[in-house]
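Heads up, the next two complexes both have chain A, just with different partners, chain B and then chain C.
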Partner chain A sequence: MLDRLKDSLDLSVFWEYRVILLSGFGQNLSIFLLAGILATAIAFLIGAARLNRNWFIRTGALGYSEFFRNTPEYVLLVWVYYIMPILLTNLLKTRFDLSPYAAAVLALGVAYSGFMAETVRAGLLSVPKGHVEAALALGMSRRAILFRIVMPQAVRRMLPEALNQYVSLFKATSIVSLIAVEDIMYRVSMVNVDQMRPLPLYTGAALFYCLIIITASQIIQRLTNGWRVRGWA
Partner chain B sequence: MGDGIINAYSDMENRMTATAPTIRVRNLSKSFGAAEVLKDISVDFQEGTVTSLLGASGSGKSTFLRCLNYLEIPSAGEILIEGVPIGATVCNGTRKLHSPSEVARMRMKLGMVFQSFNLWPHMTVLGNVIEAPMRVLGLPRKEAVEIGRQFLAKVNLTDKESAYPARLSGGQQQRVAIARALAMQPKVMLFDEATSALDPELTGEVLEVMRGLAAEGTTMIVVTHEMRFAREVSDRVLFLHGGAIEEEGPPEQIFGSPKSERCRRFVSTVMN
Partner chain C sequence: MIDNLNRFVFANIDSLLNGLWVTVYVCFWGLLLAVALGLVMCLVRLYVPVLRYVAIAYIEFCRATPILVQLLWVNYVWPDLFGFPSSVVGAGIIALALQSSGYLAETFRSGIEGLPKGHVEAGVALGMGPVQIFIRIVLPQVALVMAPSLINQIAVIIKSSTLISVIAIPDLMYEALRIVNQWFEPIEILTSVGLLYFILIFAISMTANQLAQFFNRKLGLVA
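For the complex of A and B:
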């Protein structure tokens, strides 16, 4: 028992394969970044559409965010990788193929855009109507009001919640090995086949994820604390 | 047809004569659903005069003020600023709404001060004041800063220019809001219960700034509950009731010998 425990904390095997494992982690990181950008971009469109005057646009956006908020990432990942290409091939009458990497970015991007759209919506709503009226009364254009008055405040209010979602997204990148993206988990299982030492390998992966996320969160929190001190957020 | 030509002529005349009122309101009505908040109001505001709007809550005075710069879109009627219509043009009885950019251009002529200050918390005091001169008038930053400082000095807040609004008292915030409106050098200043959200000990500094503006001959329309201010500073008082002007006249008349029974009752209630 104690031997097992000791073995699981002996991370030398993790260190030994660091190059292979790190290059796998590079895949996770780049999928996270691209999916994060995709999710954020869609979230702004859908979040703003949730507040549109037009009932159809508003309801469509609500449907979108409800669908993706309530569908597991794993199901989306499998659907995008296996099902969507078949549908598109039949629809477009040309062969349509998606690399595992592209499918991972797309699936995780849309999966998290639903959550983030709600964050964007809440952030936009948190800007008092009076701030917009004051700008209107001074003759400012809608565009200037959006970019100078509403967005800077809304984004600051969104950040703490968005940070949580980026953390979730980052953790979710660990499922992409299921469609054969050669990420860190994929590499861990490959090394394991070779070495037959699952305990230190999977424990190492868990600690590695945890360490990266804690460090990143700390850095971002330091940055945003400065705003709070100045009374912005 | 003939009427149209005559109207066009009188419009042109309005635009050309120096005595055209700074703001002319014609047959203004406003409904929220079934509730009629303003009923067919017609009134002129002359350059260099201070007008106070009094009335019980729900009498429509704030809505009236917000209609003047089209923060509320009137249901009917016409508003002319120096002879030029804002928000909509009435021609042969039909109303044509203007585009947002046209409305924005007219709004520049009216400065507005709100009950809740509405300063932008992510900008410094100076940032709040120079934002519209830079974004709307297109002034270079240096020039906008110069103008901004000039108006901050006017409201006695020179030393606060790099502070953020959250660090200021309510009275200071409202004075910044006044400087922000003044920096656009509007033709008319609209005050929507500018002191109602302030603690009693802070209303004085804001009223003092407003008195100063009045003394300089600023055209002002003031919705207020400060009866002393209305009595001492205004040239004219409008008493609103149920969305219509119940009585209007110089403050001596409104406070001394009001003609309408409602106005008399209102004045005697608020003065005691």
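For the complex of A and C:
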């Protein structure tokens, strides 16, 4: 068992394939960035719609966020990858192809927009009503109130929770290998086919993710604690 | 559309139900193992100073690694390294349990640390031993506070369990993808299975929410 353990922790194979594996990791990062931007944009729309005066808009937004919060990411990913091209082809009457990469960005972005919409809603709710009323009394327009009074305060309150959501999103990018996006897990299994050394490869992948996520969440915790101390978030 | 629904979904209802049963089976044992591991790790972290950092490392590792990576790691590495699990179902159960036990350990810890100190001190004043205090004072209260989070964790486990199809465990997702690859008609089958997952997970997380609100209202507990 001891030599097996030694084999598992022998990371030389990672050094040997560093270029392939790191470019795979680049795919993870770029999917994470694009999906994060998409999720944030949708989340602001849905989060604001959750507080709309119109009952239909409010309920529709609630339905949206509940649906995407409670559907497994893998199901969404496969659904988008297999079904979206067929639906769009029928709709547009021209052949429509969706690359695995685009499907991954779309599925993960939409999946996490549900979680983030709730964060946005909580952030918007945390702005005291008096502030908006004061701005109205000063004769500010609705637009000016939104961008100069509500948003600056709401975004600060959202940040700690939103950063945690981004970490979850980054963890979720590992599943894109399942629709053949050539990300790090995909490359790891390719190298494994080549080398037949699953012990160090999969152990190394687990440790790699572990290291990155723990570092990121430690940094986030330090930052948000600092913000709380200074009353910024 | 109705035709296809008949051909792909209802004609295969037996294998889909078998898949659902495998999902439920794996999730059930995964949850049970996760609760046990989580409780042990939480207790070690709180009360066994020598092993405290081992428990922290375990919890952090489980929380920081994506479920797919853990699944592949357990499936490919553990049989060689530790000699078990001997089947893919075992690997699926262990991977789901690893993931959830990390989260549950932290939930249990916040529950125990949130308990007013006076309760334990009252137990000591009455001459109760540490084990008795834990079983009769700490555990019942923590269990009540934790109930909603625990139910939520069931929803998380079912969500993650869609990935066990990757290591060829014939769960609901596996059966759905098998039918898709057999006929290349994904729309009806994937949509139905997706909706089934949604309804299942939504019902469970609604139950957790309602329970949390009920406890909050009736007992003043805040999880």
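As a working rule, the second predicted complex is superposed on the first by the 221 of 233 C-alpha atoms of A that agree within 3 Å, B and C clash if a C-alpha of one lies under 4 Å from a C-alpha of the other, contacts with A are read in each partner's own complex, and residues count from 1 in each chain.
To be clear about the criterion, contacts are C-beta pairs under 8 Å (C-beta built on N, C-alpha and C of every residue); 3 or more make two chains touch, one makes a residue touch a chain.
Everything numeric here is computed off the predicted structure, so don't read it as measured data.
When the shared chain is aligned, chain B comes close enough to touch A:137, but chain C does not. Applying the stated contact rule after C-alpha superposition, one finds that A:128 touches chain B and leaves chain C untouched. Once the two complexes are overlaid on the shared chain, A:214 sits against chain C while remaining clear of chain B.
Once the two complexes are laid over each other on the shared chain, residue contacts for A:224 go to neither chain B nor chain C.
Look at A:30: by the touch rule set out above, it reaches neither chain B nor chain C. The wider contact with chain A, measured as residues touched, comes from C rather than the other of chain B and chain C. By the touch criterion defined above, A:153 reaches chain B but does not reach chain C.
On chain A, the surface touched by chain B in one complex and the surface touched by chain C in the other have no residue in common.
Remark: chain C residues 60-61, 64-66, 68-70, 72-73, 76-77, 80-83, 155, 158-160, 162-163, 166, 173, 177, 180, 186-187, 190-191, 193-194, 197-198, 201-202, 205 touch chain A in the complex.
Across the complex, chain C is touched by residues 1, 4-5, 8, 66-67, 69-76, 78-79, 82-83, 86-87, 171-172, 174-175, 177-178, 185, 189, 192, 198-199, 202-203, 205-206, 209-210, 213-214, 217 of chain A. Across the complex, chain B meets chain A through its residues 69, 71, 100-101, 104-108, 110-112, 114, 116, 118-122, 131-132, 135-136, 164-167, 177, 180-181, 184. Chain A meets chain B in the complex at residues 128, 130-131, 133-142, 144, 148-149, 152-153, 156, 230-232.
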